[in-house]
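First chain A sits with chain B, and in the next complex the same chain sits with chain C.
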Partner chain A sequence: MSRNALGLWTMGVLSLVLVFGVPAIVETFALIDFTLFIAMAILSLSLAFVWGFGGILCFGQSAFFGLGAYTYAVAVINMGESTVPILLGILLPVILALVLGYFMFYGRVSDVYLAVITLAVSLVFYYLIGASAGEEYKIGSARLGGYNGMPSVPPINVPGNPSAAVEYEALYVPAAVLLAVVYFGLRALLASDFGRVLVSIRENEARTELLGYDARRIKTVALAIGAGIAGLSGVLFCAWGAYVSPTVFSLVFTAQIIMWILVGGLGTLTGAILGCVLIQYLATWLGETKIADVNIVLGAIFVAIVLLVPSGFVPMFARLGDTLMRRRGEAGS
Partner chain B sequence: MTGPPLLETRGLTMRFGGVTAVAGADFTLGPGELRCLIGPNGAGKSTFFKCLTGQLRPTEGEILFDGESLVGEEPHSIARRGISIKTQVPSLFDGLSVAENLRLAAARTRNRAETRAAVDEIVGLVGLADRADSIASQLPHGQRQWLELGLVLACDPRLMLLDEPTAGMTKQEVARTAGIIREIGRDRAMIVVEHDMQFIQMIAHRVTVFHQGRILAEDTMDNILADEQVRDVYLGKQAGAGRERSDA
Partner chain C sequence: MDLAVVVVIQILYAVASLALISIGLAIIFGMMGVINFAHGEFLMMGGYAFILSYNAGVNFWIAMLVVAPVTIAVIGVVVERLIIRHLYGRVIETVLATWGLSLFLIGLAATVLGYHQKGVNPPFGTIRIGAYQEGGYTFFVIFVTLALMAALYVGFKYTRWGLIARGTMQNAQMASGIGVNVDRVYATTFGIGAALSGLAGAILAPIAGVLPEIGVTYVVKAFITVIGGGAVALAGTGAASSLFGAVSQAVTFLSRPVVGEVALLVVAIVLLRLLPLGITGRYFRRGL
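Presenting the complex of A and B:
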């Protein structure tokens, strides 16, 4: 079996365990924690796709995440039923990405400026929404609440039935299913013609264009797909905690997403999930046990990884696995 | 020449600050024609190609392909019109295999089955059939040049621009490249930039001499070799360089 097929089977089995196995063994309290990890893992996947495969250094993935969360909050408070708010929470980030992508890619903005612009967009949201504390900042019946955020956001409900809430531990299974759908969806996308061309742009943009592919359009679409996934993650996050505040747009948060990717390894989807869960788990554990300051430990780990394992953990283990398999093959022959 | 030209430039000019790389070039190429472009280093040959492919936007002048203007068009849409280039420094997808490189080039205009057939055919045509699974970055220099020739060919262009396709090749490889170019030049127009006179004699019918961004002469190879002016600016120096290389 090829490594690719092996990886696909492994991830398939792991998804089944995640969706059916974990809820059967893990206690309710932990399941609620896991749901958050899963929402974040979806966010991590969105940047892994945009940055790791599209080569688009988007430092403002949090802008799409936060916009998804706020859109959901505002819409569901006004509508009461969650189906349309969820879709809007995906759609608005997509539109923002299309507009941003149009200006950045069609304007041939260089990679560094692209990082700065996307980061700036996220920070603009941070300050704008932060300044919305007054009574007068309302959208319909939803108060934005400034830095205090928006409390009591209604949960997701069974589509068409607002009284059947999917909350607390019940949110776990839908979230896990969505993670699997996003993961396998991205793998399929990357294996398609679109995905191949996207990676070829990362490898050599000038050559891809000389072959007749419109890199600007393809990168804009990739950014929009990533934004939609980030928006979905934001919706889950907001529904999970029934709360959203401008910290979702903060520098610390957007930097964390980048860190998940680097820990897991740039250019792998699996790594993005592992890196995210690992860091989140560690942060939660440190927060609970108070052994050391979370930010100092995470910062130190981050520096250590960038210096010692610059390719990230998953590519490192993949290489290790290849070497071992080759050795065994040689010994067997 | 019979019929309207395939490519025509009028007063084509490209300035970089104070440097004028192309200085009002009037160039014409007929349908299906194979033309060699020669000229000393810095004559503006590569810049001329970059203007034709939309990598640079000319400062002044007009480019007509099939009677339609190309000035201001994006590289990808020029490629879609049927102009394909092999750049002076090979530009490949280094992390991908030979077959995957070719597949990317072939897949834009073909379905899956056609793409596979085209890749199989081209990989043989450029002599890389036994290297189809090699990663591009691990190919020796000569084979990288052939792979890029294959990429250009996989686009099925009407006009191929080849910028120094034999640079860095051994004598045998040069002869083989000449064979490939004669083969693929049968049914499409081509402009080949080269310094290697022996190579040009193997493939060329007409030769255009570039000098300081202008067209200095345009004639058959024999007449060009006999031309005093051309000798002065170019051949004297370059013939020596050519000998050095064939010894190596």
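Presenting the complex of A and C:
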């Protein structure tokens, strides 16, 4: 079996365990924590796709995430039913990404300059929503609440039935299913023509364009797909905690997402999930046990990874695995 | 009339403080192509170095103009030797590594130095302008920034060291070929950039105070100004901070400070769309 097929089967089995096995053995309280990790893993996947495969260093992934969360909160408070708000929470970030992508890629903005634009966009949200503290800042019946955020956002409900709320531990299974859908969806996308062209743009934009592909359009679409996934993650996050505040747009939050990808390894989807869960778990654990300051530990890990394991852990272990397999093969023959 | 004078002074101050917080980052970016995301923490540490030594009895001006920049220069050289030099030529990796460093330094400052430092009041009192008052320190900040820019211009343009530094910036291999110790030039440049950041942090400390997280507010503005300015350090920073500072302060007058912040970001976004390599990507390319 090829490594790709092996990996696919492994992930298939793992996601079945995640959806059906974990709820059966884990306590309710831990299950609620896991749901948050899953929402964050979806966010991590979105940047892993945009950055790792599209080569677009987006420092504004939190803008799409936060926009998704806020859209859901505002819409669900006004509508009382969650189906349309969820869709809006995905749609609005996609529209933002299309506009932004048109603005950036068609202007040939790249690299660090692109990072600055996306960062600036998320900070615009941060300041604007932060300044919305007064009574007069509301959309419909939803008050934006400035830096205090929006409390008591209604949970997701069974489509068409607002009284059947899917909250607390019940949110786990839908979230886990969504993670699996996003993961396998992205793998399928990357195996398609679109995915191959996207990766070839990452490798060499000029050559890909000379072959007749419109890199600007493809990058815009890729950014929009990533934005939709980030928006979905934002919706889950907001529904999970029944709360959203402008910190989702802050620089610190953006740094976190980038760190997950870096730990797991740029250019792998599995790594993005693992990196996210590892770092989230570590941060929670450090926060609870107070063994060391969270920033010191995470910062040191961040630096160490860039210097020592620049490819991230998953590619490193994959290479190690390959080497071992080859050795064994040679020994056997 | 008095109001007009105050508005002009405030705009000058906004431009000067933006240039002040950016210049250290700009030198490092322009000369070495390295984005130092721990820049905000260099400012933060500069502020701490100033306040701690002042509270320990060091003379105000010595603490601000000597202790802070020298301390941060030493830290900067250590950082360059330990981290940055392994990553030359890889902009994104340096951004990420220094971002990690910034988290580390925030955590360290929070643990070791803490949140409760005695503040320092800005000297010089206030100056009356008709019906308005303006802090004398405002003028000091404007003056120091101008003096720094002038000194850097002279240093890069007319000294032997400046010549070597500019040569290394233009073509490191060629400079190395004719006997320049490129390694040392980089370390020195990084040290100078760090010293400028430390100095800026110390100068702004009486106004802004010091907190472990204060760097985050600085770094974003500095980062945007430097990238908006482009690769030519002095001219770029000057042009970008003039544009951004003036727009943001003017908008602040017309509405609220938060709208001014947003205006700065929006101008930066539009600017980079029109000039994808920053202002000096098209204008003042032969400047310094």
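In this text, the second predicted complex is superposed on the first by the 333 of 333 C-alpha atoms of A that agree within 3 Å, B and C clash if a C-alpha of one lies under 4 Å from a C-alpha of the other, contacts with A are read in each partner's own complex, and residues count from 1 in each chain.
Keep this in mind: contacts are C-beta pairs under 8 Å (C-beta built on N, C-alpha and C of every residue); 3 or more make two chains touch, one makes a residue touch a chain.
Because the structure is a prediction, the values reported are computed rather than measured.
Engineer: Touching A:Ala120, do we find chain B (first), chain C (second), both, or neither?
Structural biologist: After superposition on chain A, A:Ala120 lies in contact with chain C alone.
Engineer: Using the superposition on chain A described above, determine whether A:Leu211 touches chain B (first), chain C (second), both, or neither.
Structural biologist: First partner only.
Engineer: Just to be sure I read the superposition right, which of the two partners does A:Ala164 touch: chain B = first, chain C = second, or both, or neither?
Structural biologist: In the superposed model, A:Ala164 contacts neither chain B nor chain C.
Engineer: Should A:Ile291 be classified as contacting the first partner (chain B), the second (chain C), both, or neither?
Structural biologist: neither
Engineer: Which partner does A:Leu16 contact after superposing on A: first (chain B), second (chain C), both, neither?
Structural biologist: A:Leu16 sits against neither chain B nor chain C.
Engineer: In this superposed model, does chain C or chain B come into contact with more residues of chain A?
Structural biologist: The partner that reaches more residues of chain A in the superposed model: C.
Engineer: Taking the superposition as given, does A:Leu324 touch the first partner, chain B, the second, chain C, both, or neither?
Structural biologist: It touches nothing on chain B or chain C.
Engineer: So, A:Ser200: does it touch chain B (first), chain C (second), both, or neither?
Structural biologist: Once the two structures are laid over each other on A, A:Ser200 reaches chain B alone.
Engineer: Per the contact definition in the header, classify A:Ile258: touching chain B only (first), chain C only (second), both, or neither.
Structural biologist: second
Engineer: Taking the complex as given, what residues does chain C use to touch chain A?
Structural biologist: Those residues of chain C that touch chain A are 35, 83, 86-87, 91-93, 95-97, 99-108, 110-111, 216, 219-220, 223-224, 227-228, 256, 258-259, 261-262, 265-266, 268-269, 272-274, 276-278.
Engineer: Can you list the residues on chain B that touch chain A in the complex?
Structural biologist: 53, 55, 74-77, 79-80, 84-85, 87, 91-96, 100, 103-105, 107-109, 151, 155
Engineer: In the complex, go through chain A and note every residue touching chain C.
Structural biologist: Residues 57, 103-104, 107-113, 115-117, 119-121, 123-124, 127-128, 130-131, 251-252, 255, 258-259, 262, 293-307, 310 of chain A touch chain C in their complex.
Engineer: Quick one: in the complex, what on chain A touches chain B?
Structural biologist: 193, 196-197, 200, 203-204, 206-216
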